[in-house]
Amino acid sequence: MKARIIITPKKAVFDPQGKTVQNTLEHFGHQGISAVHVGKFLEVEISGEEDIEAVRARMDEACRRFLTNPVIEDYTLDIIPS
Amino acid sequence: MKFVVLQFPGSNCDQDCFHVIRNVLGCSVSYVWHKDTSLGETDAVIVPGGFSYGDYLRSGAIAKCSPVMSAVHDFASQGGLVLGICNGFQILTETGLLPGALVRNRDLQFVCEHVYLRVEQESSAFTGASRTGDLIRCPIAHMDGCYYIDSDGLRELRANNQVLWTYTDRDGAATPASNPNGSIHNIAGVCNRAGNVAGLMPHPERAAEDILGEESGLAVFKSMLAFHQSGKAFNAASSAS
Amino acid sequence: MTEPTITPEIVRKHGLTDEEYRQIQQILGREPNITELGIFSVMWSEHCSYKNTRKLLKSFPTRSERVLVAAGEENAGILDIGDGVAIAFKIESHNHPSAVEPFQGAATGVGGILRDIFTMGARPICAMNSLRFGSLDSAEVRRLFRGVVSGIAHYGNCFGVPTIAGEVCFDRSYEGNPLVNAFALGALYTDQIARGAARGVGNPVFYVGPATGRDGLAGAAFASQDLTEESAEQQRGAVQVGDPFMEKLVMEACLELLATGAVAGIQDMGAAGLTCSTCETASRAGTGIEIELDLVPQRAPGMSSYEIMLSESQERMLIIVHKGREEEVRKVFEKWDLPWSRVGEVTDTGQMVVRHHGEIVADISACRLADEAPLYDRESREPEYLTKTRSLSVDQIPDLKPDEIGGALEACLAWPTIASKNWVYRQYDHMVRNGSVVLPGSDAAVIRIKQDSMPVLPNGEVRDFPEKFVAMTVDGNGIYTYLDPYEGGKIAVAEAVRNIAASGATAIGVTDNLNFGNPHNPELFFQLEQAIAGMSEACRHFGIPVTGGNVSLYNQSPNGAIDPTPVVGAVGIFESRDHIVTQWLKKEGNVLILVEPSEWDADPWFGLGGAAFTLMRHRIKAGRPSPCNLDRESLVHRAVRQWIADGLVQASHDCSDGGLLVAVAEMAVSGMVARNHPQLLGVSLDLNSAGATSGLRTDSLLFGELQSRIIIEVAPDAVEQLTDGIPAGVVSRRIGVVGGGRLDLSIDTSHVASWDLNSLHHRWWNAIAEKMDA
Amino acid sequence: MKARIIITPKKAVFDPQGKTVQNTLEHFGHQGISAVHVGKFLEVEISGEEDIEAVRARMDEACRRFLTNPVIEDYTLDIIPS
């Protein structure tokens, strides 16, 4: 089983990395780019059979506890059964 | 007065704080290992700079899960003095002992240089040895030092006089050019609502000795000492953040 | 798994010659298997064996009263600095890995040199680096430069070692082949020296650090080949990733472990990882060693014995423990949450025996493998290009016109090689550990050694000693060495020592990094041979040992070889903290004095041969560098140091890249980094009395790079004292007065140019940032 | 239109960040975790109507050229029409 977590900066938080990537893209001639957001991607590989909902609950707790910081980040969590 | 300095795997300013507290300030000090669950007898806790857990994931994110942090929580809620410097500030915001968060510097680069800090209010336990408006010159050395807080939070910080230090130029003016990392309102350091927990990105411990060319940073430690000696204390009930 | 049979093709792919292969057969008394072949190929690569350079390196002086561990004995040399305190330092290159992946290549270079230091039992307390890149006008060069600097920053900052000095030069010859040389210095008590020897038959051998992966496979062999586009492409799979956090833990754990006394020997796994560390430790102790690869922690499934033995995964150590004291070791590793494993033991057979899945996969005489690599005398021939560069005469280039002086200085200060390197060093934490007394921005950096700079002592023992102050610098000039390999080597040492002297310290040792081209090319070998001879002469002259170093050959891109670049890291000590002097101007009304030899050797180029100015303005590398007379050089150092000790000198700066005018301008504009009193202070400069230089062309007067010159700032009432006590062979010339907000220049009492300091500072300070943001 | 790019360290390349997160998860009692990979997530918002395949080709080129480091990273690119 795999947990895939996508973490993005909250919209209100200034995202200098996103801005830099956007500038670079524009510099290379990409047009019509209205925004770029740079976040993190986490993939957790879990072996051993387990209930998908239990895994989701566990991973969700880990996200809230330390994998993300709610002051500045949002996240989405997907569990992918193997 | 007795201090403890926490040591996480990857702390690297722990010895610097220890040195200044013992050899310059002349107080007693010992280390507390991150796996310890008790702080022992102490009057103040320093959460030092460095790269706890390599700053992997986010600066301070993994350190906040260390066993010693619940002891720090208890100590703070009883009114104990806690100061986080650099990575220590990041850890304290991650744990929620201080409001806001520290995000990547505006220029996306690690930056190490001397800055000027203006003391924003002289009545705190961390600034009492200074006058409001005094300038401290000390180094910064960080990659994620841009202070962020949402607008409600900012309003509250200001209303409660929780901003202790801001980045300024050498004349004491907080300008965009004197902001080294993009911090909101040039904020360099804050305290909690009760006033017993504070954090700042700059390194006052690196500006506390004549041989290093600058001593004004010692004011932060002297303030803690003076506060302790004054016999004032924080009301345990009000010190939750 | 089927073992490939050894074909001539495979032998060649391992970079071994037929003759070397025969020698391997002879050592083994049979055919090697593929694992053994791999082991020989890395141990006998230039990187590990110095087979093309060892004979040359023998000419370096390696001994002095201070030397506790000499060059070549261990992973780094160690010098005694008094009161029971010693320092270990060394420089190491990571040129090729940085060309392939600049961030990780540079980061792991820093990681490697730090390991060399704490392997000796020393606590690393500071770092420096010497960098060379192509022109910043190229986007690819900017990518490499950005990557290398952030890689060095990443590793050093996280590990917690201040990077307090360095140098960066930009020149087209390094395009496609940047140079990344990293230096580290550590402190220890003289009774704490650890040895990389597998002592004590029956002692267990431990592996500490992260699991082994297929990282940097054959990295050592790779560092010994020409860098072609093809090999860069092939090597991409082999990039090593550094983990400074892990290394910090490994360092703390190793120092703690050493304090227990349970360690019999210790060595880091650097180039050629497990192979090098096992056979070298056994060879040094005259023992054998036996390891079982199934016990080696592995990150990737199904790794072959060949891969495990040659992997260059980072942050790993090999530790030999006194039998019966394993428990103490386990406790320390567990305290620091470090992966570890017992992988083998010391034997009395003299053989390095490697088992895997129950079978012996290598069985080689440890000392013959480690110490009997073939040594070569390569053919050497004076390069043809020298006829051309020497046939030019300085008369063929036009002198500066008076109205061009203003622009010329501005252009020099904004020339990336001369411009402020703050874009670089502000990314490095240069103050962590509270010991950085003189930060980047002056001639030499100064570090303080205090009690917490030292490794822990057994049972919490605390030892007092007076604080120590150590100066250090890295220097080297590829263009000089290109134009005159012997003189270039000599000047690299002289300039480094001069920087130490100008800071008020006395040099006590150097470490060197030789960055050269393919040694099989006789003209390139000539450069190497001559540069070493020049360096060696200079070291002998100054009476300072070379305590260690590194050789990086095959530095060439498809466009040809780099300019031969010997880099010298010099270390000096202060008799008193009161002798520490910085380069920036201190006080209005003070007098500037140029200290130089009273006589000069003939220099038909008047200091313009190979000078930064000549290259910048005329785009030519021609002539010869101004000769350095070592006797006179030492006289100048001694005079300046004496005046510093007498308390007469308030600022001091040597003349190097850019010559006299640039040096004075640097003294004026660099004061903004002064910690206690940041300021810009102007100068009225009057060069009418610059005797030896009188009657010179304007360009050589202002920008010529004559050797052996130091400018000092003294109080007006100290001038007399200074001239009264002047030693024979040295002259001091009053060249200006400090003050005001401008730099004013007169030549022969007529005013020729004037610059606003703020704008000079701006150009100098921001030049690199502006190029990088373009 | 949106381009979503997930950048992960190549499997053969050491990922100390992933390893550290894995250790922390295990420390909190999460069992059976065989690996953790920490990568980057990029979201590029593109306005103006354009052919989805053309956008994909452009973004793919940007990925190879500068958004990712092919020496040590792999990536996946998804284009989401608006």
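To keep things simple, chains are lettered A, B, C and D as they appear, and every chain counts its residues starting from 1.
Note that contacts are C-beta pairs under 8 Å (C-beta built on N, C-alpha and C of every residue); 3 or more make two chains touch, one makes a residue touch a chain.
A quick note: this is a predicted structure, and the numbers were derived from the prediction, not measured.
Annotation of chain C and chain D: jointly contacted by B, touch as defined at the top. Mean C-alpha positions place chain A and chain C at a centre distance of 41 Å. Mean C-alpha positions place chain A and chain D at a centre distance of 10 Å.
Note: centroid distance chain A to chain B, computed from Cα atoms, is 29 Å. Separating the CA-averaged centres of chain B and chain D is a span of 35 Å.
Residue positions 40, 65-67 of chain A each touch two or more of the other chains. With touch defined as above, residues shared between interfaces to two or more other chains in chain B number as follows: 53-54, 56-57, 62, 65.
Within chain C, the positions touching two or more other chains are listed as 243, 245-246, 337. Contacts between chains form some other arrangement here, matching none of path, ring, star or all-to-all.
Chain D contributes residues 9, 12-16, 19-20, 23, 69-72 to its touches with chain C in the complex. The residues of chain B lying in touch with chain D in their complex are 53-54, 56-57, 62, 65.
Looking at the complex, you find that chain D touches chain B at residues 16-17, 20-21, 24, 27-28, 38.
Within the complex, the chain B residues that touch chain C are 9-10, 12-13, 15-16, 18-20, 49-51, 53-56, 109-114, 137, 139, 141, 143, 170, 203, 205-206, 209, 211-214. By the touch criterion stated above, chain C contacts chain D in their complex at residues 100-101, 104, 210, 213-215, 236-237, 239-241, 243, 245-246, 299-300, 313-314, 337.
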